[in-house]
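The structures come next, written out as structure tokens.
Each of the two complexes below includes chain A, the first together with chain B, the second together with chain C.
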Partner chain A sequence: MTPAAITPSFWMSTRRSFAAAMRRDGFGIIALVVLALVILGPLYSVVLWAFAERWQYPSLIPTQFGLSFWEQTFARADIQRALPFSIVLASVVTLLSAVICLPASYAFARIKFRGRQALLLSFLATNAFPRFGLYVSIAVIFFRLNLIGTVPGVILIQLVNTLLLMIWIPTAAFQGIDRSLEEAALDVGASPLRVFIQITLPMVMPALSAALLLTFVNTFYEAQGALIVGLPRVVTMPVLMYSLINSQLVVQYGAIVSFVLWMPSLLLLLVANRLLRGGYLTAGFGV
Partner chain B sequence: MTTLARTSTRQRQWRGAILAYLLVAPPLLLMVLLIFIPATQSIARTLTISVDGQPGFSFSRYAAFFSDPISVNNLLFTFQVTLLTLAVIFIVCFPLSLYLRFSTGRIASAVQILALFPLFVPGIILCYALIRFLGTRGTLDTLLSLVGITGYRTPYLKPEAIVIGLVWESIPFTVLVLTAGLRQVSDTLIESARDVGAGDWTIFRRIILPLIVRPALIVFSLNFLGIFGSYTIPYLLGPAAPQMMGVFMQQTFGQYRRPDDAETQAVITFLICAFVGFLYVRTVASQRLTREEE
Partner chain C sequence: MATLDLINLTKQFGTVTAVDAVNLSVQDGEFMCILGPSGCGKSTLLRMIAGFEMPTEGDIRIAGDSVTHLGANKRPTAMVFQKYTLWPHMKVFDNIAFGLQLRRLPRAEIARKVEEALALVSLSGYEERYPSQLSGGQQQRVALARAIVLEPKILLLDEPFSSLDAILRVRLREELRRIQRRLKITAIFVTHDQEEALTLADRIAVMNAGRVEQLDAPTQIYDNPATLFVADFIGAMNLLQAQVSGGRIVLSGVTLDAPPGLQDGAATVAIRPEDMALLPDAAHAGAWRAVVEQISDLGHYRRALLDVGDGTLKIYLPKSAAVREGAQVAAFPRRYLIYANGGAPREVTRALPAEALTV
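This part shows the complex of A and B:
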């Protein structure tokens, strides 16, 4: 290595050379084209089918656009029942989860107690089972307790899914805030409750709202637990999708329902940046 | 005075600890009731048999499972799909993550957006979209015929479609975790290695690989559990036979109304996944502990 090479610009350029090497062989462009086809292709099909009157092969776009199937879709009694029910159910589960988990996450973040770390890690158990096997195991108990086909049964099985996310994200948030502000407020005589409401809460609000939104969306789309515990009497929107997909007489029904069901998920896109920057998305997986 | 102050702090600590236990009790209780009790009860029940009204220990439920060719076939099929899917996930996501870690610019950020996009597509909608995309006379078929390729054979209702669906769903999480792991590999480290004459391959093998063992283990274990315990994608995209264990269990429980057999199938998936589940918890725990020490 000649002395001339060891300059700051050399350090900078080595990093770039790695990137440049990858770009030179067109990796990025190939990845972009393949991903665009594979990721966006399927969504393209669904969205266009939702607005198609007729779509004959081999046309790349619908032969005739139109909205007449929208009326038919929402005139279906099963959809009229399931859609509002799913929204209410997901809200109830999210609220219950918040009431159960948020105080616990505050304790995990702020109070020192024996076994804190082990108890926090124990929530990883919700991810450490093959999901559907666990559901069957729960369903067998519910079967004996006559909870199959009941709303409380569905709420309970869906709550399991929310625990890890609703504890880990808020715990990280409560741990992450700067405590000097709280101490300053206490020093000038503010009551602990007032400090919590006026100082602590606003600081953790972005993380808390992200956790609530993620929980709501995940629960809204949760189909497997609701399927095995809810049927035959409790039918949520995603569970209804199974039958719409399997008895696909009219393609548009499934496409329109998919399109409408997808909207809550797009809410997440709005806060995607915040979720990614805070590392919250992976926290939901226990990473 | 000092003794008095000390007792009062200790009392306050005690009170704090009791409050903490009260606060963490509800979610813990829920987890015990809905995970530990069902799982241990299932394991215990599948090992007991009623002899003249008396419970006795027996492997007979497992013997029945393993002597039934359909059950064994479904289990083997689940293994095959899981391993194949994991292989494809790593082949696709590892180069993508390396690229995203070491590249900047517009193309890289567009690739990142696309790779993360499946996070915002729920599984059930993905299934419907893939049917419309991959099915006979679907969008892919149309695209191929436009460029003159005919004779498209759809993977829909074949094992390949399950693999495609599961890979599609796993890309964002895998890329997120692997890229985050690769960010721990500092630029200075790579530059100094290059300085002493290390080539790209040596840098990859000696620096990058050891540092991403942990993220790779997390990705491996969570994807393994997710695929082994999947239901929606294999049910909607896969063949009627052989079935993956999730589909098999649902059929046994929901359609044939044989909860005992479904339970045996569930416990078999628990036992197979136990090691992977343990690996996941251990890896995440050690990662957190190292992070807290720093």
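This part shows the complex of A and C:
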């Protein structure tokens, strides 16, 4: 048979199967396409802009690709300072948040104390109202304490942001662990601390790593708090991006910086994916 | 392998007394069942022995030494829980080896002990599995291996088979008995399942409302329940209200002979279904006239419900008994116990009239 002979029937069958698929999962397919457009559309535009030398209307793709804007961006002193600083800052905030919140969430999960529910709900408060108002009033206090424009000030304001996630997710995880699993470990002779480290902690690890991951990423992107408390001396990447977009209208700068800002979360997501798939974390959970 | 003594052991939760001044001595190598309805305090009692609950009062002694103030991790006890409590992130080997590793045993010895323990519960070769890859019965066997590998002085079991299906429950029960006999380990087994207790135990402690109602060998518990509660709780029993007066026990529909010395007053007569004989319909002294209301075939025996006018009697019959539903019969108690004034029961046995249908 010649290709020409195949083609019409091939197309017909494809059309038939597409129609059948639409009948079967029409809603799913439409939802998928819409989602892909909504999620990937902006990404597509940013990625293209980041590698575009020239892109003029009405062309659908850049008229000239190149890396010259990357060289220009990374040659900037402010970027060279802000990028490593942002990574270290987000790590420190995440770590501090874990140190503060994990014992608290264990207490929330395991100890029945007066006002437990109210206290747990109070962490919603910082997320329930416009943050800007909260930050401004905090900034007033920080100003008196000489924390404006200092790294500890920025760390403190970003910690506020992390509380909800770092307390709620681990609390739920700790609550999900049957007490008798811990009792069984005590029973064979493990000290309470060892029970926590070798039995409880590994079992909450998937939820815990999700909380750590989200906290890191959220902190890395956090701009409002850092903007109000940090400027002018402390400049994080997102804050820098604001000023880049505000001061000069070079689209490429913004695109490249946001591209760079994606990198940590993309990397972390890949790592998390590996961890979750590796069976180490999920082993025994029937996943 | 040791004795266990509970002395005046009491546990209060707020104003509720869960365990009320229990005294109990378990001998070396004995299999003791603690049997009772839910909420009777049996689990709390076991958890106090394990060290998960601190007693409000009293003392716990293992091999003569008080362990009351030791934490659960310091006590020479090991527990098999009701729920599946294998650690999901550890393989079977690591689950069993965990306690041994804490004791800093050499690697080779740990491997040998784990292997032996797994062989004992017939799960050799399952070392590398995760708990989620095991059935419920297998998980409980691993939990048992995890407990016995530590060679505890006292093995504690908290309804370990209650979430398994009936066939598996019976099989694991037998397996547990075999292992316990072989290791000659002292075991405390908590259950609400009387059949489990009757088949497993050397002695049974029947608990009710935080107290031990009776402590005896299974046969004794069944044949001579010390209190009305035990009579009602263990096995099937016909419990009938009666009045004692002048050496006679007056029940609804029948009058029975009272044992000598029984005081006049209210009493309860307890008759096991198998202690009741059927006679051809006629007036007999000390027998009910009854109509056979229902017959159920239960495999190796039959159960009949008799209508005796203002109540129902339950009786067991051999398969061969030629009785049909609707038949007029007389029901003759061959043996009964009389409970009066909260004291020890009085027993009466009677010779069977020649024309009985049952043996």
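Definition applied: the second predicted complex is superposed on the first by the 226 of 287 C-alpha atoms of A that agree within 3 Å, B and C clash if a C-alpha of one lies under 4 Å from a C-alpha of the other, contacts with A are read in each partner's own complex, and residues count from 1 in each chain.
Note that contacts are C-beta pairs under 8 Å (C-beta built on N, C-alpha and C of every residue); 3 or more make two chains touch, one makes a residue touch a chain.
All of these numbers come straight from a predicted model, not from anything done at the bench.
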{"item": "Dominant contact partner of chain A by residue count, chain C or chain B", "value": "B"}
{"item": "Which superposed partner A:Leu95 touches (first chain B, second chain C, both, neither)", "value": "neither"}
{"item": "Touching partner for A:Leu270 - first (chain B), second (chain C), both, neither", "value": "neither"}
{"item": "Chain B versus chain C as contact partner of A:Phe113, first or second or both or neither", "value": "first"}
{"item": "Partner chain in contact with A:Gly189 - chain B first, chain C second, else both or neither", "value": "second"}
{"item": "Partner chain(s) touched by A:Val250 [first = chain B, second = chain C, both, neither]", "value": "neither"}
{"item": "Chain B versus chain C as contact partner of A:Ile197, first or second or both or neither", "value": "neither"}
{"item": "Touched partner set for A:Leu67, first chain B, second chain C, both or neither", "value": "neither"}
{"item": "On chain A, the residue positions that both chain B and chain C contact, one per complex", "value": "285-286"}
{"item": "Partner chain B, residues of chain A touching it in the complex", "value": "1, 6, 11, 14-15, 18-19, 21-23, 27-29, 31-32, 35-36, 38-46, 49, 57-60, 100-101, 103-104, 106-108, 111-114, 116-117, 119, 121-134, 136-141, 143, 156-157, 159-160, 163, 166-167, 221, 223-224, 227-228, 231, 238, 241-242, 245-246, 248, 251, 254-255, 258, 261-262, 265-266, 268-269, 272, 276, 279, 281-282, 285-287"}
{"item": "In the complex, chain B residues that touch chain A", "value": "13, 16-17, 19-21, 23-28, 30-31, 34-39, 41-42, 95-96, 98-99, 102-105, 107-108, 110-111, 114-134, 137-143, 145-146, 168, 173, 176-177, 180, 187-188, 190-191, 194-195, 197, 200, 215, 218, 222, 225-226, 228-232, 235-236, 245-246, 249-250, 253-254, 259, 262-263, 265-267, 269-270, 272-273, 277-278, 280-281, 284-285, 287-289"}
{"item": "Touching residues (chain side chain C, partner chain A) in the complex", "value": "50-52, 71-74, 77-79, 81, 83, 85, 87-90, 98-99, 102-103, 130-132, 143, 146-147, 150"}
{"item": "Chain A to chain C touching residues, read off their complex", "value": "178, 180-181, 183-192, 194, 198-199, 202-203, 205, 283-286"}
